[in-house]
Structures are given as C-alpha cells and as structure tokens.
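Shared chain: chain A. Partners: chain B in the first complex, chain C in the second.
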Partner chain A sequence: MTALPLLEVRDLTVEFATRRGTVQAVRRVDVAVARGETVGIVGESGSGKSVTSYAVMRILDRAGRIAGGSVTFSGVDLRAAGERQMRDLRGREVSMIFQNPRSALNPIRKVGHQIEDVLRRHAQAGSGDARARAVAALEQVRIARAAERYHAYPFALSGGMCQRVVIALALACRPQLLIADEPTTGLDVTTQKAIMDLVAELTRARGMATILITHDLGLAAAYCDRVVVMEQGRVVEAAAAETLFRAPAHAYTRRLVRATPRPGIGLRDLLPEPAPEAAPLPAGAGVVPGEPLLTVTGLAKDYAGGGTAPLLRRLLGRGRAGAAPAPVRAVDGISFAVRRGESVGLVGESGCGKSTTSTMVMRLLDPSAGSIVFRGEDIGAVPAARFARHPLRPRIQMVFQDPTDALNPRWTAARAIADPLLRFGTTRAVRPRCEELARRVGLPAALLDRFPHQLSGGQKARVGIARAIATNPDLLILDEPTAALDVSVQAVVLNLLADLKRDLGMSYLFVSHDLHVVRLLCDRVIVMRAGAIVEEGSAAEVLERPKAAYTRELIAAIPHPPAASPSPA
Partner chain B sequence: MSAGPLLDPAPGPRPQSGLGATLAHARYVVSGNPVTALAFGLLLLLVLCAVLGPALAPYDPLASDTAAALNPPSLAHPFGTDQLGRDILSRVVAAARLDLAIAVFSVALVFAVGGLAGLAAGYFGGWTDRVVGRIADTIMAFPLFVLAMGIVAALGNTVTNIVLATAIINVPLYARLARAEAAVRRNAGFVLAARLTGNSEIRILLTGILPNILPLMMVQMSLTMGYAILNAAGLSFIGLGVRPPTPEWGIMVAEGAGFIVSGEWWIALFPGLALMIAVFCFNLIGDGLRDIVDPQRRT
Partner chain C sequence: MLRLVADRLITTVPALVGVIVVCFLLTRVLPGDTAAYFAGPTATPQAIEQIRRELGLDRPLPEQFARYVADLARGDLGQSLTTGQPVAADLRARLPASAELTLFGLVLSLIVAIPLGITAAVRQGSMVDHACRIVATTGVSLPVFFTGLLLVTVFYFLLGWAPAPLGRLDTFASPPPELTGFYLVDSLAAGDLETFRAALAQIALPGITLAIFALAPIARITRAAMLAVLASDFIRTARAAGLSGRTVVITYAFRNAMLPVVTTLGMVFSFLLGANVLVEKVFAWPGVGSYAVEALIASDFAPVQGFVLAMAILYIALNLLIDLTYGVIDPRTASAA
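Here is the complex of A and B:
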C-alpha cells in the first residue's frame, strides 16, 4: 500500500454542540484508503465510526461540525469544498450504503426510477439510455428478472433485495470510493454473505476502494484488508486484518476479539479476564436432563393469506366462491420438547417461523393446530386472550429482543421489575424483592429509580431479565436477547443468563439467528426453515457435524475472526 | 460504551427524577425559545383574570351608567364604555372566567371521550376501531361550526350546551390522534411484557399506553383550547349560547360591531383583542409544549 491513498483522513476531529456543551465524537482520527483496498472501521456503539464516515461525506447533522484535521479525496480537500462540489462528488465519486436498506429507499417510487434519478443527476445517462442503464445496474447486483424488478416498489422486495437495490444505487455512477455503514446488520447470515461477497467482488472488479463500517469483528476479518479499531472517538489500533486478530496489540482490541463468539470457545472465554467470582459452568452435555417441562406436538399456525384479495372479493360481490386465497402457513406442524433445566436453541433465518413458534409457546398467539403441554397441562387450548389470568402464566416468562422497546418509557426500573410481583399478588415486601432481583442480575440498586432513557443498553437488558425472573418461572423464552447489544455487553449478558439458569434451575428456549451464540448457551439446538424443523440435536453435534444441508449452509455463512490467541496482558 | 466488567458504567448525567428532569428540560426549551416564555406569561395573566375576575375589575361589569354611555377610552375608563355606559375593561376582565371555563371544560370533555375512544380503537382494533372511526367520520362530514350551531340551537341556549357542542366537534381530532398513537404502541415490547405479567387489557391501556401518549395529547389540548374559545365566542357572536348582559368576548364583539360604523370602535376592539391574545397564547403554548415533548430536542 505504498500508492498514494485515494482517501486520506488526518487528525479528524468532529464536535457536536449539545446542551451540556461541546462533545467530541471523533478525536484526531487518521484513516487512509488506497485504490482497490477494503478498510474496516470497527467499534462498538458510540465509538464514532459512523460519525467519521458522515464527516467524510459532509453529511453531519446541523449540531455537528468538523473541528479539525483534513479530509483529502484524490487530491481534493473535502473540508474546503463547496456544497455544490460536494453534491457532485456524493454519488458519483463517493457513495454510501446505509444500515437500513428499506429506509434508504423512497417508498413511493419504483426502484428502477430511483436508480435513473441518480444516473441523470450526475449526467451519466440521458433520457434515452437511462432505463437500460438502470436495468443493467440491477443486473449487476444479481437481481433476477431485473427488467421486471425495475418496476417494483421497495415494499415488495425483501430486506436483502432492498439492500441489493441500495448497492446498485450506490454503484450506478461507478464511484471510486464506497462507504458501507453496517450494510448487513439486520439481515440474515446467508443474505449477509451474499451481499458482502457481492460488494467484495464489485470492489475488486472495478478497482474501487471500500470502507466497511461494522461492529462485527468477524465480518471485518472476513472482508477487509486492513482494520481500524475505534473506541470513544479515537483510533486505538490500525493494522492488517490478519495481524489484528492474530496478535491484537491494544487492550481494547483484545477485549473485543475475546468477546466475539467464535468456534471452539466456552461462555467464560468471552469475558475480558477470567472473572474471579464466576464459578465454572457445567458443560452443555453435563446437565442432567429432568422430566419434560414443555412438550410441543404438531404445532401449526396459519395466517389468512392473499393480502387485498378478500377485500377485492368483498367489493366485487361475495357470491363468487372458489377463489379463496390459500392461507399462509407460518409454522407447519412442528414437535419438540424442553426438559427441566435444559436450554434449547431455536435457530433459523427471518421468516422461518421461530418467532411465531415462541410467541405461541408464550401464549400471546393462538395456534391453528397442535398442543402445547406445559407442566402436564395443555396450555395451547387456553385462548391467548384469557391466559393472562391463568395460574401457569407466571411460570412462563420472556426476555425480549429490544431492551429499550420492552420497557415502558414512563416507568422506573424498579416499577418495571415490580410489575409481575404486583400483578401476581405479592404486595408485601416488593421493594426488597426488587433489590434482590437487581442484585441477582448485577444491576446496581442505585439505578432502580431511573427511567429507561437514563440507562445504558446493557442495563436495560438487565432490567428486562430481572422482570422476567421475578416470578421464578420454570421456562424462560429468550427472543434474541442480545441482538441489540454490543459484543462486550452481549458477552456479559450471556454469562449472566448462564449463571441464572444454573442458580435458579430454569429452562430456556433461546430464539436466535446466531448459531455461535446458541452453541454457547444451549444444550440442544433446533434448526428451523420455512416453518418446519430441519435438524435437531445436541448443540455441539449440530454445529460440528451438521447433517442437513441447510444447517451446513447457515454455519458456512457466519463470518468469524481467525482463531486468536489473546494472551492476557 | 466501555466493555467494563460485570458492572456497566452509569450512562452519564441526568440522574434526576422524572419530574426534575422534565422541569430542567422545560427550562432549556424555554430559554431557547423566549416566545414560549411570553406565552406562559400571557397564560398566567389570563388565569389571574379568570380566577380573580370581578375583584380585579375597577367597576361592576354589569352596572350601567347611561350618563357615561359610549365614552371613548380615557383615564377613568381605559377601554371606554359601551352603549349602556358599562366599563369595557371590567367586562373584558370579567369575561375571561366564562370563556376560559368553556374552553377548559370542553377540552377536558373531548379528551375524556374522544381521547379514550381513540385509544381503545387504536389498541383493540377490529370492531372498536370501526365503530369509533365511523362516528368520527360522521362528525367530520359536517361543517364543524354549522354542526356546533345546530347542536346549541337544538339543545338550548345554555353555557353547558356550548361546552357540549365544542367538545363534540373536536371528537374526531382527538380520536384520530389517540388512535394513531395507540396503534403504534400496540405491539411494543413493553405492552407484550405487561401482558406476560398478567395485566388485563384495560390495565395495559391505562397504565402502559395512555401515559405514553399523554404528552402529545397535552399539545393537542393546548391547541384546541384556543380553538374552543374562538368557537364559543363565535357561537355567542351569532346569538347562540351566552346571552347578554353576561360579559363574554364574543357577545361584546357582536354588540360593538354595530357601533363601528358610527365611530365607536373601542366597544368591539378590546374584547376582540382579548380573544385574539387568548387564542394566540394557547397556540404558542401548544408549540412550546411540542418542543418540550419532542424527543429530538432531548439531546
């Protein structure tokens, strides 16, 4: 990389004016990207990785400003460039892909027209050939039947397809630099692999430079030549990807590498240092399986299908029979069991029916067929609407995916934790019990009187867990409990969950798309696809010797950092 | 976020309680927008007039003095006198109580009826939603002021009926706002969590959803206050509702309107100004409240 860098960021400092004075979000950051190179910027939330890229594109919001340093793009000083010049550069020379593809597209404009808009804006196409160029751009991102999809609206496309369109938009004018800001967060692993492979291939084929901004070390390791690690606005380490994972130099990088779930490690290995008080966990296979706690048999869920068809039929006269749309079967007669003290992982990609299954087991949704036998009683027969007052209600609880969304914004942490206690009749000694629960989940008692917006993501997750275990449930359903958390927080929360399970003897039904995380926490794994179970077995067996082709595909799609040897320093 | 050990770090400042934080935030918003402070000052003035009313007025608002009829503004009568020699300043001050009372009661009523109906419609969906939605549509199908006139004319010329009419014509506005906000939160995680912890649906609605949409409703209520005052004055102006000699801004403007041609402009001008200031004040407060509850400003 001795060539002159395409983009050179030197000493970049970005400040935000807030009501509590000026906050430096990015402090003296240096990044250089050469042609044909892919550079990863890795960090946890709040590390300033996105702000850095916004500063390069000069799209900081009005409170932010570049306070110092320089940004040079192929010889042009972007800091001094006028707004008109920047508008020409954006899209034509430097393009950006955002995290949520659906919100990056105009929902009421055909995707083909959106690509044409960009082409015309930068005078890359006239009215004559714009359409052909747009279709070609769609073809380049491997959208099948591109000429047909040209007329599609974003809502008609899947998340992965939308992201392809966004990439097509970004690359339509053949930019020299592509900035991808968490391009695959929220997408399935197989889709993630397809998208990232596509970006890597296009980068190579066009000799572009790419900046990949991500929180996922595994992804950065798999696709980047060099990686820049950021923490709290500073670059703590910059090295070739290989070196960085083999021998991370900075303590923060080591912690990050450690906290990333990867094959061949245990739950305790995720923590920064061997935690002194953490008792050794029984290995997955070592758990003595108790009697079956939950037995699900032939569980199915149909949704009325056909979108607008029923309405249209009603408008056109209800007499016309025979055209009833086929119901959509979200869960197709699955059977499984969870024993006492066992944790079972329910794995699959979005739309596979895993969430529908867990919601039915949770008794928030009525199944179309099948039985859910919990502690010897068929709770599937009790309508969901009436289950709130069922005596078994406190025995099944749930930890939600988004810790922020799961807390009432107007209740303090203590009130949230106390809610199940108050509802299920214990009106005495609620506060001491809250404090005990808080202690158990590692939430400082001083934080109990705070509102959710005054708590960090990890703290909110703890409040959600404390609330779920307040009634001493037998079965805890964990719906991607760490998906919204940073890896280091995820490591801590996963360990907390394992400790709680050991101490309280609960069973877990762990719903997740991340096989590595599932392997760390679960004894058995159920892999679902299109509403059916594809494979079932012990966690180690399914992950190491997968029998179903689909499971193999899933495992292969997970990017993971090369085996690191983080020596404690 | 630092990857600390088992204890997460405290997430920065603002460890105050909810109320303290809200007050501090309100101070911050007001300091950035002095017009809001002005509006709150005006509101204070209006409330003072409404509460102390007659005690503040220099004369009896009902006492006529034919010797002093149609006097222009002077030191003795800063706003002048009307055709019966009543002091207009006293009448404008005394009218604040009635006009504010009409506005407050009608807004409280429409919040209780329209807001809760919309809340239920948004949360439960299905039949509740359809029934509430169609009722709102039916009300909106009428020109609202004409509907209010019709209600007052049919039910009788009383202050209670003005309150009722003003509330009814505002129902769709509240029902729709509450419905939209409740529908957004219907499937929020905390609502599911509340269901898991054995809360009944009504309880979730009142303790989970209502408090969360209350700030937005407050903004709407403030904006509607101005509209309610205008509506009550409008009804009185055309002779429905409050009857003379009761001091009320709308009637006073109506009474004064006939004298403008002959040059006695002050009779209609001052109650009109009071009306304008009241409406202006509530609209500004609505804008200010919107800034206070706007999460974008909470950086």
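Here is the complex of A and C:
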C-alpha cells in the first residue's frame, strides 16, 4: 500500500463489561482499507468481526468500550473524536448496512422518510428537494416504481427490497467507506447475488472503499480484494483473497476453507482431519433404494388470501360472493416419493412452498388436496389435530432450523431428549436411553444436565437431533438444520447426520436453500419454485447437469471459494 | 376508516349485552331490600308491600328484566329513589365532573410520566432512572384515599395553599355557562379567568391524587418499551446513519414505544375510573362515583345499574379510540384491519 489508507485500525482492543467481569471481544486487531478497496473480514460467530466495525463507527452498546489502539479515518482520529463529530461522520463519510434488513428499518416510518431523515441530517437536501433526492436514492438501488415505493412501509417490502432501501439509506450521502455487516445473511442465494452485485457496482462507480463482514468464505472470495480472517477476537491471517484461498497459511483459515461446502468434494472432506473411525460413506447414488416409505401425491395447500373479511360484512352474510380475496396457493399439487434409507433434498427459495410441504408431511398442517402415504397408510387423511395420538406419529420426527429456539429454555438436555420417549409412553429406563442417544450424537454425557443456554450452538444441534431420533423414526424431516450454525459446526453436524442415517437406516427429507449442502447429504434432489416442482433427479445430476433454467440460475448464484488445495502445504 | 369504526362498534354489542345482564342480576342478588329501605324504619309490612308493588319488585325476574330493557331502549334508566330524579338526568349532570377530574388526572400523569420514562430509559442506571423507580413504587403503594387525605392535610390544613376540598367550585362562585360541562374548558371559553383559576385550584389536589396513582404504570411501561425499542436493529441503523440523538429518541424510538404505552393507557383509565369513586368521596366531588356509592349503600338499584352501564360505555368508547389510535401510529395494524 503506497498511499495513506482511508481507514486504519491499529491494535484495536474492545472490552465488554459483563456480569462475569470484563471480556475482551476484540484483541489488538489491525485492519487497513485503502480508497476504492474491498476488504473482507471473515470469521465465525464470536470472532469479533462485527464488534470491530461497531468500534470503528463508535456505535458499541453501553457495555462495550474501546480499551486500546487507534482508529484513523482519512487522517481523523476517530477514537478521540467527540460524539458530535462522530455523528457528522456517520452516514456522510462512513455508512453501514446490516443483516436482517427488515428489522434494520424503522417499521412505522415510510422508507422514503427514513432516507430523507439522513439526507436532511447531513444537509444534503433541504425541505424542497428532499423528496426528489430520496426517490433518486431509491432509483439508484434499482427499486422499480421508486416514487410509489417512497410511501411504502418496510413490512410491505420483501427482504431483498428492504436491503436495497438500507443500501440507499447508507449511500444517500455518498460516503467514502461502506461497512457491510453480513448484508445477505438470511436472504436467498439469487437475492444475495443481486444485492452483492449492486453493492459492488455502486461502490466501484463511486470509488468507495468497502468492508464486507461475513461468515461466508465464498462470498468474501467472490467480492473482496483482500481478506482478514478473525478468530476469537484476533486477526489470524490477512492476505489477498486469491492467495488466502489458494494457500491459506494459518491452521484456522485452512479449517475454515475446508469446512466450506463447495463443488467436487465429499462430506468427509469438510472435516479438519479425516476421523480415524469414520468409515467412508457410500456416495450419493450408492445407496440401495428400498421400498417407498413416503409417497406424496398431488399435495396442495391453499391459504385464505389477504386476511379475514370485515366482521360487519360477515355478520350481514355478505362478502361471500366474489368479495373475498382469492386464496393463495402455497403448494400446487406436487408428487414425490422417499424410499427407505434414502435422503431426499427439497430445495428452493423462500416462499417456494418447501416448508409448507414439510410441515404437511409432518402432519402439523392439513393439506387442501392430495394424499400423503406413509408406510402404506394415508396419513394425509388424519386431521393434523389428531395426528399427535396416531400410532405412526413417533415414526416421523423433525429437526428444526434454529437449535436454540427449538429447545425449551427451562429443560435440561436430558429432559429435552427424553420428551418424545415420555410422550409416547416409555417411562422405564429413560435415563439410560438418553445417555445412549447422547453418545450416538456425540454429546458428552456430562452435558446432559445442562440447560440450553449453557450449551454451544453445535451442542444444541446435537440435542435436537438426539431428541428427534429417540423414537427410532423411519423418516426424519430436517428443516435447514445447519442454517444457523457456523461452517465448521455445520461440517460436523452434516457428517453426524450422514453417520446416523447409515447406522439407523432412516430416511431423510432435507429442506434447504443451500444446494451445496443438499448435494453433500442427499441422494436425490427436488427443486421447487412457486409451489411446484421444477426439477427432480439424483443430486449429482441436478447439480452438475441441471435441466431447468431455474436450477441453473440457483447454482450460478452460489458464491464459492476458488477451487483450492486446502491440504496443509 | 368508517367501516373500521362500524366493525369495531358491532363487536362491542355482546359486551354491552353482558354488562346489562350481569349488572341487572347483581343488583337483584345483592343483600338489602329496596322497598324496606324506602318505606323507612317505622313502616308497616303492608306499606313495604305497597312500595314493592309500586316498584314492580314483586314481579318475576324475567319480567323485571324485560321491563328494564324496554325502558333502556327508550333511554330511561329509571328513577333514583334517593334523589328523586331520573337516573339519566342525574348521570348527565354529574358525569362531566367525573370525566373532567379523570381526564385532568390522566393528562397530568402523562405529562410527568412519559418524559420520566423516556429519560429513565435513555439514561439507564442514572439518578433519573432511580428517581423514576422510587416515584413509581411509591405511587402504586399508596392507596388513593390516603394520598388524597395526605395532600389535603399538607396543602389545605397545614400550608393553607389549597382551597377547602369541597367540590368543584367555591360555594360563593358561580359555575361558568355550560358548554362542555368541564369547568376548566367552559370558563376559558367564556373568558372568565377568575372562575378558571378557582376551578383549577379546586381540581388540583384530587387531580394530583389521581395522577400519582396513574404515574407508576405509565412511567414503567414507557421505560420498558423504550428500552426494548432502543435495543432494536433499526435504532442501530439510525445511529449508524448519524441521525441526531433527538431524532433517534423521539422520532424513531418513542413513536415505536408508544404502542404498548397506548395499550396501557386503556387499562390505566379503567383503574382511574375505579379510583375516582374514592377520590370523589374524599374531596366531596359531585361526580358519578360518589353518586353510585351512595346509591349502592341505599340499595337503590337504578343509579347503580345506570352507573355501571355508563362506565361500560365509556370504557368501550375509550378502547375503540385506542384501537383507532393504534392504526394511526402503526401502519401495519391499519392495513391488517
């Protein structure tokens, strides 16, 4: 770097005062960003990557404080700057965009007004032209019908659209540096690509510098010039993106690169070192297909559209003819089968109906039409309210998306795992069975008496899986079971699921939006869009030779690190 | 908007029917014989029987109820036996006094509690926060009649700053020309500053008594709602965009925090209606609360039924108003309705 960097963070240490004393979230971190450069800060949860950016913006919450080091932006010492000066800098010189775009916007203020607030605050617009400038800012982030959307509230916009508004807000005053904190987490891959391309294009056109904070190595590789890898508050490696992925120098980086699902690798390749006892897994197509376990035919689900009719009209008996809004068809007559010992991936973007389908198969939701034949019996005909007592109920179990939310916070791990056992009548030898299940999912028996908040994300995921397999189910519905986990934990959990399937002979219905993860675990893949199946086939075939244009689009949108040789040099 | 109001009004019908039925039954099963009370302590059984027949109390309950409902439909709430006036006329004459007092107390407590709650949330752990907690705890811990008596003792008896706690106006002053029935409003409308000052002096102590009572829930909810909103993602966005502290706290945080505060207001108002009964007694306030208590003690059905009905309608109207306010504050509820 020849010129003076735009932002220079040196020796930054951030402390948080907690009930158990002071915790250093960021320790002696160095990051420099030159004008026009895009720098990625990559790390897993708790690595301090977001805290670093909050410290730069000086928007740490009450408990946090910068304990040491310096932050220099364009020659200004941000650590010494007064709050008033910082407020002038924020939004005008340095801006930020966030994850969860919907909650990042004021829910009860028109998006146009929110952009105006920023413009007026930084004297970029007066009362006369504020509206025109706000509409222009919306147009710049490619929001169609911007003048109309100016009046929209965030709840009326999609997640991707909200993120565009947040970007418009951040770029409205033409700052020199944009900090993007996990800007696409929780968005679909195609939306992610559109958003990231937009950010890249706008920042390039304006000669802005960007810091991209992400846990996704693929994303960092695709969009960053340089990447800084953080682990537990420390920078472990910093290098040009190309170099970092081709020849990761630090052991942690290597582990991270390894654990990232990418084309052309197997499930075992995700693990740091091949575990000695891990038998090679049969590749996707190698499983001998058994007889059909689950056969879904013509399954459909309609939702009443647009809320309920006003009570007045209902009371008067009117509003039935034509006035009621058309029902929304979430799932549109789909048919598929899951054989014994097979794992089938159900892939699609949010709103495609994949979760509605899995919820109906789980019999938590009544289908509008079609049959769900499980072990030769049409369980679709049993009302959801009564299925809980159905003899086939223990044969289908589910693993949920968020391992934390899926556990009762007041139950120990053992109680959570025992729940299905107690519910389905087993009262004897519950504890030994819990211990056996814990051993199976690799949860140390000592952790069985802990509460969810005392467990890590990976441990909670194991509890959720142990609970699901407690009744020896035939079919396990996995609803994005690793979406909330760090990549290294995801790697371990995916391998665990593969082992369990082999050992227990279960079938999986794996619901996910991540095609790479699906390919690693599933024999067959079903791609859904707008309630219908667009493509179905063996996992390898669908990913390598997709027939449908939509599948190709999905695969193309997934960013992945350059094919690297993650083995130690 | 109009359809929304109409829709909401229809949902209040079952509640009103329930109030009418329960209130009618309650007054009949309560101990105490109206006829005996009215005939006086020296009346003969024949005289009591005579009065009972006149009042229609000898009829079976369903018939009494049917007659009651038929009267209601004509706007006739019955005759008060204690005052000898139609209940509707009594309530009409006394309701403004109660409404003025309750609203005065509510507004007073809002003026104090909301800034207090906001400041306590913004400066969490500061002196203001602790003060907020102490004031709130004290406010709910003291029964209203005690607070009222305490204020009378200090400001009237000991300091002599306040006028005698005897009603809405000095005995020698004349009420302002009636417009709304609220003396404070009417006297201002008539440009009569002296009456306004006199009315204000009278309403100050009972109003403060009610305000102290209402302070706690409003301040605590404001503080809790503000804390929750201040920790949310969009506040972080607003701060990261460099918006000024005022904009962040008022435009972004408080407008969002208003939703739970408005909800609480409905509850606080109903508490105040209850507290009013005692406060009116302490300050000899000629409102509906003291009227109803006297009627209840006298086993005088009609005023009690009228009072409960009036309160129920008032409460339903207030909740309708709150629902509509919700729609104004939060666009999400407006579009869902």
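Following the convention adopted for this analysis, the second predicted complex is superposed on the first by the 554 of 569 C-alpha atoms of A that agree within 3 Å, B and C clash if a C-alpha of one lies under 4 Å from a C-alpha of the other, contacts with A are read in each partner's own complex, and residues count from 1 in each chain.
As a working rule, a residue touches a chain if its C-beta (ideal position, glycine included) is under 8 Å from a C-beta of that chain, and two chains touch if they have at least 3 such contacts.
Computed from a predicted structure; not experimentally measured.
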item: Which of chain B and chain C A:Asp88 touches, first, second, both or neither; value: second
item: Chain touching more of chain A, residue-wise (chain B, chain C); value: B
item: Partner chain in contact with A:Leu497 - chain B first, chain C second, else both or neither; value: neither
item: Touched partner set for A:Val118, first chain B, second chain C, both or neither; value: second
item: Chain B versus chain C as contact partner of A:Met96, first or second or both or neither; value: second
item: First (chain B), second (chain C), both or neither touched by A:Val534; value: neither
item: Partner chain in contact with A:Ala168 - chain B first, chain C second, else both or neither; value: neither
item: Which superposed partner A:Met57 touches (first chain B, second chain C, both, neither); value: second
item: Which of chain B and chain C A:Leu105 touches, first, second, both or neither; value: second
item: Common interface residues of chain A - those touching chain B in one complex and chain C in the other; value: none
item: Sites on chain A touched by chain B in the complex; value: 18-20, 44-46, 63, 231-232, 252, 255-256, 259, 271-273, 275, 362, 364, 385, 388-389, 393-394, 396-398, 400-402, 405-410, 412, 419-420, 423-424, 442, 444, 447, 449-451, 453-459, 462, 464, 467, 471, 486, 488-489, 491-492, 496
item: Chain A partner contacts - residues on chain B that touch it in the complex; value: 1-11, 13-15, 17-18, 28, 188-190, 192-201, 207-208, 211-212, 298-299
item: Chain A-touching residues of chain C, taken from the complex the two chains share; value: 3-4, 6-7, 10-11, 124, 231-234, 236-245, 247, 251-252, 255-256, 329-332, 335-336
item: Residue numbers on chain A that touch chain C, as the complex places them; value: 57, 59, 61-62, 86-92, 95-96, 98, 100, 103-109, 117-118, 121-122, 153, 155-156, 166, 169-170, 307, 310-312, 315
